[in-house]
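Structures are listed in the sections that come next.
Two complexes follow with chain A in common, the first pairing it with chain B and the second with chain C.
Then we have the complex of A and B:
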């Protein structure tokens, strides 16, 4: 005889069933490749690419090298600087969008660039910034400069284009949290003696913290792993970790070293994600009432049942 | 703490074509509990926001003790506000919310603690000091807002419908507490509300507003008993109000006995007034439902100018301490129903003595009615 399942049991079973396709997808295309990278980073390098299956810490030892250290340091400061720049631009933009009557239109405008391939957008910047490019020809036409300025192939152009590429990732989460923010709180702060700036720093920022941390992670992690932007608009001294990984895979054919650098990116991302989860959890715990009506009723019930026993 | 006199001088504020405030002038006395009363959209909140500094008038200005305050930003004004939605800072505890204005002033921790404790006692929040606002009930949030607004020792406290989000019982309690706090701190309170019973029960004076204008300023008693316009008469409490024309006017004791013709009721009514009125002039006649006596037998009173009408109860509404009766006058099917309140002052063994479709007598003396002079166009 078939046993009838209770609705709750049925739902649990179905839930497990439904999660299979997603689970398989992630295992095959995400977990397995990541495991391979971890594994490769501890292997001996093969002569013509690939690896020999022999455990070694060579790759990590090779990383301790002043030239790589310089690249790591550069990657860190370019990423941090670009991320902070993104957030500083995104806060007022998010604020203006939250206050605007044309929210849908503005959101649409911010999303439009995603419809164009990022390489094409980078080439657009090259044509704007290059020595014979749009910007320089305008400047020459206006008589402001005699010959084209070197606006491209340096760290400045890398940061400019990185900020351009990842700004929407900062704007969107900040807009969502600012939109939920109760602007009467700013009035209240002003009323209680805060200047405009004080009201924003002491009242608005703490209440959009989740948006700020999301914006930070959403921009920092992809910028940290950026590869095409420094390659196409960067100069000789603009190499970032992403470029090293590509070079190690395709030119030097040192796969373990490439894997070891990938590990740095992965660990950095993980730290970011855990930080975000932890702060979200802390926020939830802080807002959870310690005393609930149900808990109280249960206590009362327990008390009575003891008396009647 | 000392209150200031607040003078609103010919203030006008428009949003596009909409005139939120139209040439409004009012002087609020030092230490007064003053209410701005009116329906939503009448401009009362706009006026409050202008006094607080969140909005600016197109014309006119506001003075605190003869000093023009419009150039002063909201954070430097001697006023503090209690917001309708409380506007407590969700990221801070009750303690830090209340301490917020003092922290901005960079006051020492000991002094802050002393002041916070003092105001926490005033609003009875001692047990909830270290909770976040999200863990408080509506009434508790309101108390935090009150303490936070008072701790800066303002000269004017602005209250923007502070009780509208609370249930009726709690509202009554907090209203009494607010009145009590007003007595203790002695500063000027400006209270915005659309609830006439709130305004009547705590205010020293009330300004009734509609469509960006102040229609009447007076004590609760004056506003209720001697409404300046038809709108005021209908907005404050309940009333019967009819257009009328003066038929005759004769001296009566210190006043004048006036007979008016009320076309909608198809009858004439006697009413007294302090001034003589010209025959033929048009007014609104009003009489409050609780001033009309409703009886099964003809009234025995022989008061001068007693108005007596016979009618039928069309709709009795029993509500415990009183009954409302909607009565149709005899022989007049098109006349509006007259509203009558009867207090139940004795034990009713078999329910209310007057019931549906009973034939009744309505009576009120000439003194109980009132002529509204300023007829709305």
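Then we have the complex of A and C:
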């Protein structure tokens, strides 16, 4: 060794060397852009797009507008409804997967549609649901209907496609937590006289809470910020908050308003994430901690101090 | 007594039937586009089997191939940079204490949880504020940014299982920091590095929303091309392209098969 650094200094230097490239990258391409959005939401709108550097609450005032309120309300109910639907489907699916002998095959089958390009999947639904689409042509051939039904470009098709797109986001975390669950507990509950449903609700659900909250957040946040699905399969009355933001940036060129809407989305997502983390921590504290970050850090510290002795 | 609460009569349980129905639900759209990619007619009326759309796709879609080339370039470059930056950072964060550690940890999770629209818009506004022309570079930067958290998480999970004393042993035997890194640590976490690289490539090839905001003229990727096809004139070539992309996804998932559980846990 050429230079003899004190262990603590060496550790600081190495940690910095390893981690700062990513830290700098995130600062430039993530923290700064977010900060700019926060800043712009308090600026005055520029004449030809952009902003004028003058503090104002105009953007937030413009948001209090019945037409935007309607979109915000619609975004909320569509995302809540689709998320709940996803979770209700994902619970039995995750349960069946966790109990199955063919887990890898089943994961494979869930992941393939999930990884297939999202636009291809949306396009597939358009070709199924459109007036001259697959479903209508089948219905007409079977003689069930005479003319193609209007199945697309309404809130129903938006919800259907959203559920289709984000269902795996709910299934995967639920599968992961249910897979760790000790199924003998259910047998024990049954032996003590509970019905199958009772044992699942009273014994399994409390044990998979973290999976439920992860599934909820990871489904709700992307649906809440959805842009392509309402754009491509929604009608005039299915615009969501994501579409408004994009329109404000590209069409109206009202950057402060777009930034203010983005702030709402960001804050809502962050609240959700912190709620999820808090509930996961509570559960970790309640259960016997098998592996926690803290325990791990202590382990690392112990290693280091042993070396430095 | 051979009583067991779950080994009852041979009827199919509710959860199993939900599983089967869900998998059908997930696959039906993929089957429909695949089926019609072999149809000679343009519409959704079956005429006869034909490979005409595959011919058009391969020999007569120059702009599609240009978009594909852009997609590949960006997927590879952004995956390399994300994998390198993310793996190094994971090593630093897992094993060393230093100033800025908690900032980096927190900031590396956020891009994963914010809606894509926010990432896209904020980068678009940032690039125009600092006057960087939109094009291949901006897409590369955006893709590296949204890929980094996944690399960081997957490599960190792998490092958690790795015993630090192995490095101490290497150092005791006279290895310097670089030798310890490349001869001990990197081989040990190679599976995680490879799988996060593949994951990055997949996500980069897949991304539409963020790319949509940060792309400039001439830098369109494959998903952007698909978007313009859907919006401005659907041609059955898109069915053929869909099937090719579904096959590609299956291939990636298949190479991933050993890591599927890790992937499920990390997403």
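Operating definition for what follows: the second predicted complex is superposed on the first by the 271 of 309 C-alpha atoms of A that agree within 3 Å, B and C clash if a C-alpha of one lies under 4 Å from a C-alpha of the other, contacts with A are read in each partner's own complex, and residues count from 1 in each chain.
The rule we apply is simple: a residue touches a chain if its C-beta (ideal position, glycine included) is under 8 Å from a C-beta of that chain, and two chains touch if they have at least 3 such contacts.
In this text, all values refer to a predicted model and were calculated from it rather than measured experimentally.
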{"item": "Chain B versus chain C as contact partner of A:232, first or second or both or neither", "value": "second"}
{"item": "First, second, both or neither for A:55, with chain B first and chain C second", "value": "neither"}
{"item": "Broader residue contact with chain A after superposition on the shared chain, chain B or chain C", "value": "C"}
{"item": "Partner chain(s) touched by A:198 [first = chain B, second = chain C, both, neither]", "value": "first"}
{"item": "First, second, both or neither for A:206, with chain B first and chain C second", "value": "first"}
{"item": "First (chain B), second (chain C), both or neither touched by A:16", "value": "second"}
{"item": "Which superposed partner A:242 touches (first chain B, second chain C, both, neither)", "value": "second"}
{"item": "First, second, both or neither for A:187, with chain B first and chain C second", "value": "both"}
{"item": "Footprint overlap on chain A, comparing chain B with chain C", "value": "187, 190-191, 291"}
{"item": "Contact footprint of chain A on chain B as seen in their complex", "value": "52-54, 73-76, 79-81, 83, 85, 87-91, 100-101, 104-105, 132, 134-135, 148-149, 152"}
{"item": "Touching residues (chain side chain C, partner chain A) in the complex", "value": "4-6, 13-16, 18-19, 22-23, 25-30, 32-33, 36, 43-45, 85-86, 88-89, 91-101, 103-104, 107-108, 110-111, 113-119, 121-126, 128-129, 141-142, 144-145, 148, 152, 160, 164-165, 168, 176-177, 202, 205-206, 208-209, 213, 222-223, 226-227, 230-231, 234, 238-239, 241-242, 245-246, 249-250, 252-254, 256-257, 260-261, 263-265, 267"}
{"item": "Chain A - residues contacting chain B, complex", "value": "182, 184-185, 187-195, 198, 202-203, 206-207, 209, 286-287, 289-291"}
{"item": "List of chain A residues in touch with chain C within their complex", "value": "1, 11-23, 25-27, 29-34, 36-37, 40, 50, 89, 92-93, 95-97, 99-100, 103-104, 106-128, 132-134, 137, 164, 167-169, 171-173, 175-176, 186-187, 190-191, 196, 217-218, 221-222, 224-228, 232, 242, 245-246, 249, 255, 258-259, 262, 265-266, 269-270, 273, 291, 296, 300, 303, 307"}
